[in-house]
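Shown next, in structure tokens, is the structure this report addresses.
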Amino acid sequence: MSTTEDPRAVAKDASQERQKRMIADHFSRLARSEERGEKCVYTFVPGNLTELLLAFDVAPVLPEINALQSGMRGLSKDYIALAEKEGHSEDVCTYVKCDIGMLRSGNIGPTGERLPDPDLLLLSYTGCFTFLKWFELLKQEYDCPVTMLHVPYQADGRITDEMRKYVVDQLRDKIIPALEQMTGKAYDEDRLRELLARSARAEDDLVAVLESAKHKPSPIDAYFGGVYYIGPIFTAFRGTQEAVDYYRVLREEVEERIRLGKGPIIPSGELEQEKYRLVVEGPPNWTNFRQFWEMFTDEGAVVVASTYTKVGGVYDDGFRHDPERPLESLAEYCLGCYTNLNLPSRVEKLANYVRDYEADGFLINSVKSCNSFSAGQLMMLREVETRTGVPGGFIESDLVDPRYFSAANIKNRLESYFQMIEQKRARGVTR
Amino acid sequence: MSEHDKLAIGIDVGSASIKVALIRDTQADVELLVGRSERTRRREATDVVASLVETLLSEAGLTREDLAYVATTGEGEIVDFRTGHFYGMTTHARGARFLDSEADACVDIGALHTRAILMDERAKVLGYRMTSQCASGSGQFLENISRYLGVTMAEIGPISLQADEPERCSSICAVLAETDVINMVSRGISTANILKGIHLSMAGRYVKLLKAAGATRVVLVTGGLAADVGLMAAMRETLAEADDPLEVRSHEHSVLAGAIGAAIWGAFRARKMERLGISLAPGALSEART
Amino acid sequence: MMRYAVGIDLGSTTTKAVILDADSEEPFVLGRGITNSRSNYDVACAVALGDALVDARFGMIAAALERAGVDAEARRVALDELTLRFREQQYRRQLAELDRVVRELATEAGDELRQTELAAVDELMTSLLNQVDALFTKDAQRKSDFFRDIAGSQYMHKAEALTRGGGCASRDDGPRFDTLVGLYDKAILAVENTDTSGTDFEDCILDAVVGPQRSLPALGAAVSEVIATRLEKLANVGTGYGRARLPFADTQIRSEILCHGLGAFTMFPGTRTVLDIGGQDTKAIQVDDSGIVTSFQMNDRCAAGCGRYLGYIADEMNLGLHELGPLANQAKRRVRVNSTCTVFAGAELRERLSLGEKREDILAGLHRGITLRAMSLLARSGGVKNEFTFTGGVANNEAAVKALRQLISESYGEVTMNISPSSIYTGALGAAIFATRSLKQEVPAA
Amino acid sequence: MSTLTELDLATTSITTLVSDCEELIRDTSMPSVRTWKERTGGIAIGFMPTYIPRELLHAQGVLPVGIMGAGDIEIIRGDAYYQSYICHIPRSTVELGLNGSLDCLDGMVFPAICDVIRNLSGMWKMMFADKLVHYLDLPQDFSAEIGGTFYRHDLELLSQKLVDAGARPLEAEALRASIRAYNENSRAVRALYDLRRREPWRVPTAELYVALRAGLVLPVESHTALLERFSALVQAQTDRVPVDQARVILTGSFCEQPPLGLIKTLERSGCYIVDDDFVQVSRWFRGDISETGDPLDALVGAFLNDAPACPTRYIDDGEKGRELVDRVGACGAEGVLFCAPSFCDPALLDQPMDTAAVTRAGIPWTAFKYSEDTGQFQVIREQAGTFADSIKLWSGT
């Protein structure tokens, strides 16, 4: 989602430098939170309640982000090994194991500093069952209160009043009191409104950035690059002025690239020629992130839309945090995150992306860890193919377990896939 | 031989080879009289067992009537003249303790399966871990690779020890290994480095298995691959790299551990049955045990 | 002079070459060649190409005979005989080399070898030599097409017989099976990785023609004519598992998927779905009405369900690959084999055999299992459209074909199912077509 | 065997009764459901294992049919929908759906079990667009006001969907009667579990299991009768005597079920299974559901307050595994077998917490994985055998 450290030099522009600084600052703030008497909450990315936490001056720690950072920094392998040694199964989500392993190794965060212990475990159970188990596991480790927000699944493809009420009731009667009790502060709805208003501003800019990929050539890569863009908004910054500023700068940069007719920034500089436009479903692999990205850029492939950039929350259909309806809009945000959508909605979203972004292909990276994403992807592949007529591709890897990243295998499939699109195009079959 | 002595034979029917051990239990001590391992190699396992047992007995100058107990383990249920059957981990634990009284764990690495076993001083199994239904990293896997490299089983270890830059390989399929090896050779990687790389990846698995089973001090490697000095070295290196004090040992009779353990338990049961006044007709005990 | 374009499919198990007439509009196959893959990729390519050129020359000999007015039946008889003698010559040369290397290795090993083992080596190699005549009689059944396999299985067989009674006990002084096997494994590597393709044809054909030309003198003239004809390579394209390491430029490499799709489409233009089961992967491919791939699926990295699985099982049963299918088709019932792992299946097979199950029934179950796995890939790739082509080496296996036919019709109704006797060359054919196209600049070299 | 809905309860042989039940499970085309529909003209709704309120369906005249995978049938189409790292149950369920076995069902209810099942509910919608598909989002908030309100609404929604699919509307009296019928059934189940706990040699688990499984495809009244008959027969059986086996609890098999061969293997290798979590829906609640008051509230209340510590249920008090340790004590077990399906996240993520609790309590345990179509039991036999050996040889020393 965002990284503070990439061992190899990567081309960056100003916004990226800024983003990097923000994230690094966040981690060092966290590291010093205990001495500064600040409280922190462990919680998850999908449907995160950042504004609510900030309204209580509480900093979020996101275990998934720690895990992916560990993956990028080459530490996940040992962390996972440690967890498996303790009896965790090979079969389960590697984020969890990576987190447990990191905890056992001193809970050192991506900046090399120790992360604070949680004052509260805020289990936002949205779009993934594993979250329940993850916090049950953490609860064994920490002597702190835990509170849970159960976000119902959009099983029938829509948010009903009862669902919204269920979430709002939990926010009001469980989550807010838990935060009040932990911080000793009273819930201040006006403060929440201010934060939400700033969120909406940043969200507008983020959406403009992601949608800029509709241009040809696309000025951004909406998957690999997108990971950097969504960093601040899905982690600890939504609702802050920093986020507003970052997204404004980012948007300006991207608009400038459009004016200059430039392609996206890639690790080795700039993409010269956009040969393939792709829509990608599923999270990326973190252990070999750059290598993985280069398998695309080497072939001139740009990702113009991805679902992964919607894991924290989906803004496509116009959702924005709304200061007028603070708790309701938080509830809708939680209910709307990508893995909380049912499969037919996910298929429809992907098919729309293919059409709206004029993609040449549709690719799934199926990660072993995540049943929430992966169970059903083969059917999605077929459905999207039939609905859009563009060729689908399927590759398999994992989030942070390098054992499941087979470079040769993925390259082989990608190569065949790109050649297939190429051949189709040579015959004028695709646009 | 004193009349209190008990002679017992242990038969370990493995997927690749059959191991037989003949022991004398003097109540105070156990003595390994003679033991052998032979590859089945497309023969009927029961035929190989029969001929091995006869060879052993004749070498020891004994007959079947002298035996107090015929104990089987592994797939030994196919042996119809057995007195009783013991499960593999029970026997390996016992055999390992016999071969090395300091071992508190053993890892049995055979042709298809690997199991790490933690035991106490009475050879009681305290914990264990086994590999799954995939033969990658098994003895068979190593065998396939070495055959392709033109290396015999006995040479594998010594050659692997000469490696200078081992080619790490991820867990690969026992069947497809050959292709991967072809690929490595075509990239100019030396036989020693290929073998060592494979040894290291196998060692990684086994060490993981051992740690998961709870081993902390001394582990005896049992089963066929204990004879592979390269694998032993790789296991030691893997542990050293992780600063792990676990000590890995092997024994010249490691491959016989299961058979020895079975024989010892057999003698133990024979004594116990005698005390209880149960007569030991062949095959009877397996029923009595359940 | 003859100008050709070649496609090379360097597979995990076998390396195939197909050469096309570079001057023909429609794809015209001049020759096909195959060898087992090995660690020296250049040699593998050269041998496969050499084999294809031999095939092409045999075609030219046939054409020369026709021009000389020899009637069809006489031509067939003469060519069959010539081919057999030619293969025999090749085999003898390789065997002589093997013999030399084995003995050399045995000498090098010196004291490590027991006296009995030295004697055994001698006996082994003599026995191999003595079996050559029988291998190349008209109706002989060979277990495989490759020297490695034929010589290997004879060697192992004999080695087992020689070491039987002795067992493996270290106290004995009889010959050790492992030692003997080790010698073979080492020697075959050396023999295989030496490129002999350059000199092969001329030497072998001149020796081979001696006999057959007695009954058909025109043959000698035809052979001389063909030896004198120059063959010129204009283009090559490589594909297959090892394509990245082929000694070709990037632009001359195509993915296997595209090649199999195009190859199958070229052989059977009505094809819309292709199933390729090779040595270590299975691919389900959909193509459109111009042979362009529209979607594909591949299996993961596990040998279960691919050709090597069958090879493994054949070994386990002491059978040749060629014998598996026919035997399985004699089954009266199917024994379900539970293990998904190839190696465990081998163990399970032994167990079942010892429980009295019949070999053919177990084999039938195994073939069914493989086909089931392929069916799921097919379904993943989009199912079977109206015309279906089965390619890859396993399409040579009649039991696999039978099981597939049955399952396809159960799941997709009656669809045309094409199987070509040269299905194993499909990928190479696709590559060769890409090569001829590159000559015509028809398709951008992507 | 007589008609499949009415098992031959007059039989005097356990073997016949058990093999009838086995046949009922094995026949994936579900003849008993088809017969029931023909006879009653009612509709039948399938549901995935663990828990759904079958009482509600029953009260509306619907036959709830539990779909617990397909055992070891050949998977032809189902594999096309699932990667290798996903458990077996969704692929076999899809296989059943696509090969027509489930045609006799008028819909499916997918309770919240895990992400795999949740996503399957969406796939089902796409595959069987014309049938009822309901995802029953069981609440993880167990307060009456919040979780209770939500759940009650979800049940009302389900009830309405059933009506739309042709069932009769829900009436309080009918629901109360259904609660009674299911209470009776679960009392019969509990009685058998009690009997097995006391005298495991009388009630081999392989038999008990198939008798329970039969309940998934039979009307509840018939199943209760079957259980009672089974109970009478096993108690009358005189040739079953205790032998020296280790008493163990089996846990982790709450969703995908192990093959019958595996259960038999465990028993043969020296284990008496004295408690398990097979076919959980048949004894989800510890006690009876209240037969008085508002019946829908009774269902909701039971769910909130009386359900077992299934891995699908969130436990926030940090005492994971306590219930398991308690159960070990309660049934006098000597060890625990963790027996979970491969790739089952809920079971496998719980396992480290459970094993830690069990270890702390000094209870021996062992763990292995299976899939419903596992056909090779050697490894498991070896493991269970060694486990039983070590309990028998050493326990108490």
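Order of writing sets the labels: A, B, C and D. Residues in every chain begin at 1.
The working rule: a residue touches a chain if its C-beta (ideal position, glycine included) is under 8 Å from a C-beta of that chain, and two chains touch if they have at least 3 such contacts.
Bear in mind that the values here come from a model prediction, so they are computed numbers and not experimental data.
A.B. asks: Taking CA centroids for every chain, report which one is farthest away from subunit D.
C.D. replies: C
A.B. asks: When the C-alpha atoms of subunit C and subunit D are each averaged to a single point, how far apart are the two points in Å?
C.D. replies: Taking the mean C-alpha position of each chain, the two centres sit 51 Å apart.
A.B. asks: State, to the nearest whole Å, the distance from the C-alpha centre of subunit B to the C-alpha centre of subunit D.
C.D. replies: Result: the chain centres lie 40 Å from each other.
A.B. asks: Just the number, please: Cα centre separation of subunit A and subunit C in whole Å.
C.D. replies: Inter-chain centre distance comes to 49 Å.
A.B. asks: Touching two or more other chains, which residues of subunit D qualify?
C.D. replies: Expected reply: 80-81, 369, 376.
A.B. asks: Mind pulling the subunit A residues that touch 2 or more other chains?
C.D. replies: 87, 378, 396, 406
A.B. asks: Quick check on subunit B: which residues sit in contact with 2+ other chains?
C.D. replies: Within subunit B, residues 75, 133 contact more than one other chain.
A.B. asks: Chain touch graph shape: choose line, ring, star, complete or other and state it.
C.D. replies: Contact map by chain: complete.
A.B. asks: Can you list the subunit D residues touching subunit C in their complex?
C.D. replies: 74-81, 84, 374-376
A.B. asks: In the complex, go through subunit B and note every residue touching subunit C.
C.D. replies: 15, 36-39, 41-42, 44-46, 55, 75, 78, 112, 133-135, 138, 140-141, 147-155, 172-176, 179, 181-183, 185-187
A.B. asks: Of all residues in subunit A, which touch subunit B in the complex?
C.D. replies: Residues in contact with subunit B: 81, 84-85, 87, 403, 406.
A.B. asks: What residues of subunit B sit close enough to touch subunit A in their complex?
C.D. replies: 170-171, 208, 211-212
A.B. asks: For subunit C, which residues count as touching subunit D in their complex?
C.D. replies: Going through subunit C, the ones touching subunit D are 300, 336, 338-339, 344, 348, 372-373, 375-380, 407, 410-411.
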